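Data first, discussion second: the structure below is written as structure tokens.
Letters A, B, C and D name the chains as they come in the text, with residue numbers starting at 1 for each one.
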Amino acid sequence: MATERDWRARVPDGMWVKCENPRCAQLLYSKELDRNLRVCSHCDHHFRLSARQRIAITLDPDSFVETDTELMTVNPLNMEGYEAKLKRHRARTSEMEAAVVGTGAILGHPVTIGVTNPFFTVGSMGSVVGEKLARCVERARDQRCPCILISGSGAGARMEEGILSLMQMAKTAAAIGRLRQAGQLCVTILTNPTMAGVYASWASLGDIIIAEPRAMIGFAGQRVVKGTKSDLGADAQSSEFQHEHGMIDRIVPRLEMRGFLESLIRMTYAAPLRKGASVEV
Amino acid sequence: MATERDWRARVPDGMWVKCENPRCAQLLYSKELDRNLRVCSHCDHHFRLSARQRIAITLDPDSFVETDTELMTVNPLNMEGYEAKLKRHRARTSEMEAAVVGTGAILGHPVTIGVTNPFFTVGSMGSVVGEKLARCVERARDQRCPCILISGSGAGARMEEGILSLMQMAKTAAAIGRLRQAGQLCVTILTNPTMAGVYASWASLGDIIIAEPRAMIGFAGQRVVKGTKSDLGADAQSSEFQHEHGMIDRIVPRLEMRGFLESLIRMTYAAPLRKGASVEV
Amino acid sequence: MKYSPSRWLPFEEGIRVIQEEMEDLLRRQSEQDVDLSAEITALQDRLEAEKRKIASELTPWRKVLVARHPNRPYTLDYIAHIFDDFVELHGDRRYGNDQSLVGGPAMLGDYSVMVIGHQKGRTTKERQERNFGSSNPEAYRKAQRLLEMAERLGMPVISLIDTPAAQCLFDAEARGISEAIAATQLLMGGLRVPIVVVVTGEGGSGGAIAIGVGDVVMMLEHAIYSVIPPEGFAAILYKNAAPEQVQQAAALLRLTAQDALELGVIDEIIPEPLGGAHHDGIGMAATLKQAIVRRLEPLLALPVDELVDQRYAKFRAMGKWEVRRG
Amino acid sequence: MKYSPSRWLPFEEGIRVIQEEMEDLLRRQSEQDVDLSAEITALQDRLEAEKRKIASELTPWRKVLVARHPNRPYTLDYIAHIFDDFVELHGDRRYGNDQSLVGGPAMLGDYSVMVIGHQKGRTTKERQERNFGSSNPEAYRKAQRLLEMAERLGMPVISLIDTPAAQCLFDAEARGISEAIAATQLLMGGLRVPIVVVVTGEGGSGGAIAIGVGDVVMMLEHAIYSVIPPEGFAAILYKNAAPEQVQQAAALLRLTAQDALELGVIDEIIPEPLGGAHHDGIGMAATLKQAIVRRLEPLLALPVDELVDQRYAKFRAMGKWEVRRG
């Protein structure tokens, strides 16, 4: 199974792995780290997860069915080096693109799910990522079920696709607008990092917005901010800051995330005036 | 004509009147002050106007038809002194209550209009005021025309009617909600003073909110603020402060108000996808 | 429910004395291994009688004190005891995360609802964090967000009111407390899901009615609902009002649940445990739950247009006036 | 339109020289009472030829400079010359009165529309007040309010884009610039009145697309529309990018109107006066008005469900990809 293969692929060869958090740097037993959903048991640092790892810890086992795999990225601006970059990321991640989308279930309740992969071009949103996410949202509307979108995107829009990547913001936002009109829940989960064009479109449009602790979340990329001589502090781009300022409903540690989602999905399906019956997936 | 009578009644007997603004105190020729819509030509101080004076300077001449005059205030809490107070204000203003409502026209376009009178219990909102305003809003909905509400209310809710006066906030707010759904414009004009329960209900719910310059506008009555040891500055309760903080669309001097409303009403009727044709009043 | 050490209102002195005697008896019984059950039963009867006496003497002003009692159950206490699951949601998506009003989806038996409610703090620290239940504009804008979500998702709304008043300081003014209160009422007036409102403690003027527009509005027996705090009203009526004048103002305002029912502002009074909800929070929550369920279920069966029209008609009818003939 | 004294771009040196000669000739003609009309006509031909030459040599980077030209007409200039009446409305009803985006109802011939648009400042003071056209969250929330009003009142929307980028400083982050941009797009995506969008100057990334969702999207001939400013892109590509590298980045980004049309992002390019809109603001406004009216009128005839579905389909189709077979 693809999920399993990928999950293994991301575990280092050795039995021990050093905590990514430089202030911790603890040596962790890799199997235990996996059992802990890749959260450091010493410092609570949340390691980045690939899209498939996310799906594995989010959905009911074996419920995920991937969709929209036929969409292939092209080089619409003939940007030099873009194809080579894609090739590199494909080889490194065994993925074709930065988004994995599909259908699945939580507690047996149908959901659609779309996840951006921070290991693939730092999860940047080009045409294919935008299209996959929009289809994921539309599928929830068609099947009258909740939609779960999980962001891990440090770059926001994908520069190599220029203005076309900017349009993906409008596309995904409009799709969520239609989902709202249809009365179906959209939950967005923001993981480290969630920035710029992704945060300024679908990631900010969940009915409920959840973040993992200490994720970098914000509008301005730090490089851009530097170029424009901003006085933006690093803290302003964190889950905690965004929560404090009313932008994020809850900060939920990874180990509690599945339980939290279970509550939300259960309650969504138990709404007595819920629009439309759910359709079997 | 009632309007004319009242207008005259408010002009002092003498030919000269002293500007209300203590920092000005200029002697003004009363006929000229009237011609200037009771705005001091020396310091631009806007004298308070009665409800009928407002209507006279707002609507097309002779277009106003008063409605809902059959509603009579009672003393639902048996509050001591309330009846005497009403009697006093009735004698002083020749009005039965603090709100005057009806239908009329601007540039020939039908509108409904509701005005609170700062000379009658400082324009406070009891059951009859709330009911009259709600009917004024409903009439705009029924007749598919814009609704103009003009506030002059220093007290907000009318304490003597206790909890019943609080309910008028919900009543008027709900009526404006229905007007919005029907796609008809609601303009509120805030004049000196607009406070508390009036500002926290219909006065804040115009699609477009206009204020006269230097009107006292705010939530907390100064006496209440004092009692609760607030650090609220006087400036926070002004048209200018509320405008600067995004609460008010425009501050429009009285002499420009009619022209401003003409533009708004003309454009409202010229909206190509306007809901419903207007009905002759 | 965990409360800070018991605090007693002046007129509860009789209860305090009996409860101390009771604690003494229970200690002696357990330490000295004697049977004091007869004495204990007698004392329980006295306690009951004392509570009954106090209940019969609850003047409007005393009700104000009961409604504000620091041991009175608060919204999160009711949520904990009424709902099977609750996910608190935060933030207005605009400016801040105001803690004076809480809300989120919750399970009420087999179905889910959206709960919103003012929240006072129990400890000193929490009181400050929650601003003593006085809400800033962000609190009402959070409520609006949750109300709109409830409408989209088809969840009925339970709104619990317990606030001295909305925040009225400079910052609240600068961020539009009036607009926030006004817009929340407008939204609730037309919301296309059932809304059950309960005034559980203090129904303090604009801050209360902001989340007070519902298909059914109930009050706990000793809750108050007022256009102005009695202290504020006394300040308007009298210069430097004396305590008796404040008490008199409380009576003049007709702010009790019984007054509100008589004036047509509420649909029902939910009885409190003898002496007030602060004597038995869990019992109070059970009674409240029953009332909410009993009132909510018929609303769920109504066609939504009818529901919204009824709610509108309900508030349109509020107020008292006479019609002058010809 | 009143502009501050002419400023010249480096590649406009030829125009500057000819225009100075022209002023000389005109002065001499009026002072010395001689007929220089032949010379003047010749010079006018030279000016025209020079403008044509410059227009033919407008590289992407030069277009960036033209799009940012301080004499380029801004939104309020277009409003003044396109609409017969305009009532500017202010404030987000939440927090502030951001002047970097203006809006309000206006008359377009016989019918009214709602106009929104970024607004840069002309004078130094105005530039600061309008934050150089970089919008804070309040600007987009004002836009949302006006969009919702337009929908209720049945006014079509004209949205004019001219912003370097949305504000990204600490305060903007604290008040939710991302949410504001996201929610505005969502709202425009489903708004039940026609929307015509024109990028008139700088279409700067998120700040631009925030008000860029319409039934028709057009660009002025030398406007730009980009996911990132060329300087920012160069900074990503190269360390301490040299000027030529910034120019190269501008070309790589495909940010011109011609690129946007080819990539399917816009529907039409509106021609500018020779050399750019800053040479003839009034002529530009006239052309723009024609284009808006021509595009708007068929939209007014569409049933609203169809209109909204078409707009959705339009943005859903944006982007380029291939479909892998079996």
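Here is the rule we use: contacts are C-beta pairs under 8 Å (C-beta built on N, C-alpha and C of every residue); 3 or more make two chains touch, one makes a residue touch a chain.
Here the structure is a predicted model, which is why all the values come from computation and not from measurement.
Novice: What whole-number Å value describes the gap between the mean CA coordinates of subunit C and subunit D?
Specialist: So the centre of subunit C lies 53 Å away from the centre of subunit D.
Novice: What whole-Å value do you get for the distance between subunit A and subunit C if each is reduced to the mean of its CA atoms?
Specialist: Roughly 41 Å separates the two chain centres.
Novice: Could you say which residues in subunit A touch two or more other chains, in rising order?
Specialist: Only 180, 204, 245-247 qualify.
Novice: In subunit D, what residues contact two or more other chains?
Specialist: Within subunit D, the residues that touch at least two other chains are 93-95, 174-176, 179, 183.
Novice: Could you draw the chains as nodes, link the ones that touch, and say if you get a line, ring, star, complete or other?
Specialist: other
Novice: Output every touching chain pair, sorted by label.
Specialist: Between chains, contact exists in these pairs: A-C, A-D, B-C, B-D, C-D.
Novice: Contact residues on subunit B for subunit D in the complex?
Specialist: 180, 183, 185, 204, 207-208, 243-250, 260, 263-264, 266-268, 270-275
Novice: Over in the complex, which subunit A residues touch subunit D? Could you list them?
Specialist: Against subunit D, the touching part of subunit A is residues 69-74, 76-77, 79-80, 126-128, 130-131, 134, 157, 159, 161-171, 173-178, 180-181, 196-197, 199-205, 218-220, 223-225, 227-228, 230-233, 236-237, 241, 245-247.
Novice: Would you mind writing out the residues of subunit D in touch with subunit B in their complex?
Specialist: Counting only subunit D, the residues touching subunit B are 85, 87-98, 105-107, 110-112, 138, 142, 149, 152-156, 193, 300, 304.
Novice: Sort out for me which residues of subunit C touch subunit B in the complex.
Specialist: 166, 168-170, 172-179, 181-183, 185-190, 205-206, 208-210, 212-213, 225-228, 231-233, 235-236, 252-255, 259-260, 263, 265, 311-312, 315-316, 318-325
Novice: Inside the complex, what are the residues of subunit D that reach subunit C?
Specialist: Those residues of subunit D that touch subunit C are 93-95, 137, 141, 174-176, 179, 183.
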